[in-house]
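Here come two complexes built around chain A, the first alongside chain B, the second alongside chain C.
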Partner chain A sequence: MKHLLRGAIVPALLLVLWELASRRGTILNTLSRPSDILLALLSSLRDGSILIATVQTFEAALLGVALAAVVGILVGTILGLSPTVEGVTGPTIEALRPIPAVAFLPLALMMFGFGVGLEASIVAYACIWPIMIVTITAVRNIEPRLLDVADVMEMSFAEKLRKIILPAAFARINVGLRVAAGIALVVAVTTEIVLNPRGLGYSLILAQQSLNVALMYAQLVWLCIIGVLLNAALRALGGGSTAAWRPA
Partner chain B sequence: MMRPHVITRLGAVGFALGLIIVWQLLAEARLISPIFFPAPSRALGVLAGRVADGSIFAPLAATVLRMIFGWLLACLAGIALGAAIASSRIARDLLEPTLEFVRPLPASSVIPVAILFLGLSNAMSLAVIAFGAIWPVLLASIHGFAAVPRELRDVADVLGFNRSKYLKSIALPAAAPDIMAGVRVSLAIALILTVVTEMQASLAGLGWDIFYAQRVYRSADLYAGLIVLGIVGFVANHVLQRLERQALPWRHLSP
Partner chain C sequence: MSPLNKKGKRLSRAQVLRALGALVAVLATTMNAAVAVRGEGSPAVALRGLGLSFAAGAGRRTILANIDLDVREGEFLCIVGASGSGKTSLLRILAGLIRPTHGEARFRGQAISGPSRERAIVFQDYSRALLPWRTVSANVALGLDSRGVRREAQPPIVEELLVRMGLADASAQYPSQLSGGMQQRVQIARCLAQAPQILLMDEPFGALDALTRQALQDEILFLTAEKQITVVFITHDLEEAIYLGDRVVVLGGSPGGIVETVDVDLPRPRNQLTTREDARFLAHRHRLFRVLAAETNIGRVTAAPRGAQ
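Moving on to the complex of A and B:
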């Protein structure tokens, strides 16, 4: 309780000072006012515009993560099972990985045009790497005897993947997926800010360009709230679902 | 880490070359669109031309400097703030909830605010880069400073170190391995935000070059820019890795 109180001091003090200063006109109107920001947030919640934008952003982020998960887990499994394949493809992957995902925005724009495809492809590119790398280590750390069992039982690759590899590696892969989900939201919003005319990032930049400062800050606050909720959800998810798989 | 076998290494070179050759052949045969996938020879030709006439160096320098300055700002602020939060209970209680609330904010979403305050300027770009890149350093240094072993702190007490001496001689070296890990993640983020701010604010640099190449549909130029950006990211990471190994030799001795 004492922690919470102390933690509230700084933001509360800042907000009160900000409100007072802007009411007396001592600071620039680029700062708006906390009360106006709250009103803007409430009204955009009431007319649903911010919710629609949120759904658009999450739609693209989710699609991107799903794509990245399929590709990343599949490629990661193959590379994890065969050190030779990893040795051969590794340097190429290492050369692609440091290119920032946003640098592909212009290219993706030419290929997909504006819309979900553009955004999801950029999100997928950014998210493939953590998922793939985690999958490689996860698969490599599978108890070798389990894989021997699969060979003895003459399982097909699909069967082996479904019955042995994924259950054994799931706990670790899940960690990668959670990291990727965090990245996905950031990349989706960035894509919207830079060029894609949809979602939260776009309404944020639109509010700034039309000098609707209160709305701009309201959207930032909303993004903070979403981020905190997403982090909490991912943490809760991680605790629950990995525990079930983790060997005792 | 096992040392890759010679044959594997040759295979790796062969794989990369093979991909490029297949791409080249497909492009020459017009099986893939030259607008999206220009032949690698064209992209490399553009790159070679820009290196030869020197026109690549100005944007390259602008991007690298922007990335480094923003990243340095983030590192200094992150380490100082991290030391304060880790060594003072009050600072921790006061600041941590606010920081935890702001942290999940996508760094690029402060661009509109930064533009309002600082305009379409280098200062805006640096502020955004520093904001986005501070988190890994900050978290790493909070953890690093908080995890200074009890015995080391006792040593400092016994020797009668004052606060600044303790920070300099005990806490900073003890926290350095953690901080270095954060610093490397921060550099990668700094490069991303450099590109984003260049695109958003039309600031000269590789990010803007790529953006502009797309606007005028010069895809070979676009790929040339991507290649250079990839090299920048790769080199930056390796330089830091090497620095880390030299600055913290004890870290790589332990099993």
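Moving on to the complex of A and C:
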């Protein structure tokens, strides 16, 4: 609590200075007063428009991450278990991975049209790589002794996967999922700003184009709040599930 | 219609009963003979001309060569040897985790072709052999899964095993919350849950302190004697080998082979104080020490008294 207060000093001071300066006369026409921004944020919360946009963005981001998680964990596990398959597909993966996800926007638009499908597919493309790569490493680094144990217990492959491989890899895969969730929000908003007429990114660009600068800032502040909350939520989720057995 | 005899007469009830009695007697004798054959004649483990080598650079590195060894049913066999003598490799062959490159390894007459829950193995590195995300009882239950015990039937069996191993209070804890000795107990309990016919132990107490080690030695002697499990126990500790074993085999040389076999003629049950003070115990220790010393060149340094110039 103490360090939270200490950390709030700088932003609070900046806000006060900003407010005072803009009351003396307009410094820049791209800068609104903090009080106007707050009012804009409150009114868009009251009429629900910003909440609807948030739901739209999250819908696409979550759908994309979920898709990426399913495919990434599945493929990553196979590649982690079989060096042969990894040897064959590795170069292809390395060639596809560096392509920026948003470069697929025109193609995705042709395939899905405007809407959630367009956005989720781009998010999924961006998120699949960190998840897949983390899964490969996680599966490859499973304690060999545990695999010995699985063999002596005469486990079938499915049993081995369920009882040994996936739980052993879970802690690392979890980190990959958290990274991916962060990427998902960025890519979803980017897609909305560039192309897709929905969600927070689109309202942001709409506010800018209608020269409603205060509303534009209000949405930036809102994105900041959401980002911080999302991060905290993911950290709480990740810590809680494995903390019990993780050595202190 | 009742059965007829040769002359076509009906057999009396007494005759039928007598015939049945004779049949049962014959069956019983045969079965006894079979048990006797299994107990004395055919060994639990039979190794013939066993060797292990693998490609290393241009040539081949040979770990084990020409090992002939029988382990009797119910025997407690200890294998000692310097590090690098191939003890662990030998045990992994018995577990079916690796295949020998020469000769053959048989368990109860069948060639060992892969791992089996009947041949449980207790690893030295207990902290790695336990599933860290499973509680103590869930780890032990894994052994029950392996022999198809239904989920609903598991809790009482797990409970009993945990009580036996002195882990009753730790059942809901995770391995990382336990001491080394407790963790090794969990691993042993899991192996016993497999209901193995042979227990393979790879320096199981090597990393434990002396008191914990002695306690576990006595527990393992008690449990394996009670369930009549055959044990192959690897250690680098001579006294541990003599204390536990019916027989001690010394693995040595390069590549590793059997250089000495000692029959331990100490009475059972063994006792940490009296057994270790027994003259025969000391004689075995003396003999084994000389064999191992010759293998590892240790005698030379210890021979010079301190301060002697």
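Keep in mind that, in the parts below, the second predicted complex is superposed on the first by the 218 of 248 C-alpha atoms of A that agree within 3 Å, B and C clash if a C-alpha of one lies under 4 Å from a C-alpha of the other, contacts with A are read in each partner's own complex, and residues count from 1 in each chain.
One rule holds for everything that comes next: contacts are C-beta pairs under 8 Å (C-beta built on N, C-alpha and C of every residue); 3 or more make two chains touch, one makes a residue touch a chain.
This structure is a prediction, so every number in the text was calculated from the model and none was measured.
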For A:Thr137, decide between first (touching chain B), second (touching chain C), both and neither.
-> neither
So, A:Asn212: does it touch chain B (first), chain C (second), both, or neither?
-> neither
Please indicate which partner A:Ser43 is in contact with in the superposed arrangement: first for chain B, second for chain C, both, or neither.
-> neither
Which partner, chain B or chain C, touches more chain A residues = B
Go through the superposed model and pick first if A:Pro100 touches only chain B, second if only chain C, both, or neither.
-> first
Which of chain B and chain C A:Ser35 touches, first, second, both or neither | neither
Footprint of chain A on chain C - complex, ascending = 95-97, 114-117, 119-121, 123, 125, 128-129, 131-134, 142-143, 145-146, 174-176, 194
Chain A residues within the chain B interface of the complex = 2-4, 6-11, 30, 83-84, 87-92, 94-96, 98-107, 109-111, 182, 185-186, 189-190, 193-195, 200-201, 204-205, 207-209, 213, 216-217, 219-220, 223-224, 226-228, 230-231
Interfacial residue positions of chain B with respect to chain A in the complex | 2, 4-5, 8-9, 11-16, 19, 35-36, 90, 93-98, 100-113, 115-117, 188, 191-192, 195-196, 199-200, 207, 210-211, 213-215, 217, 219, 222, 225-226, 229-230, 232-234, 236-237
In the complex with chain C, residue positions of chain A that touch it | 143, 145-146, 148-149, 151-155, 159, 163-164, 167-168, 170, 242, 244-248
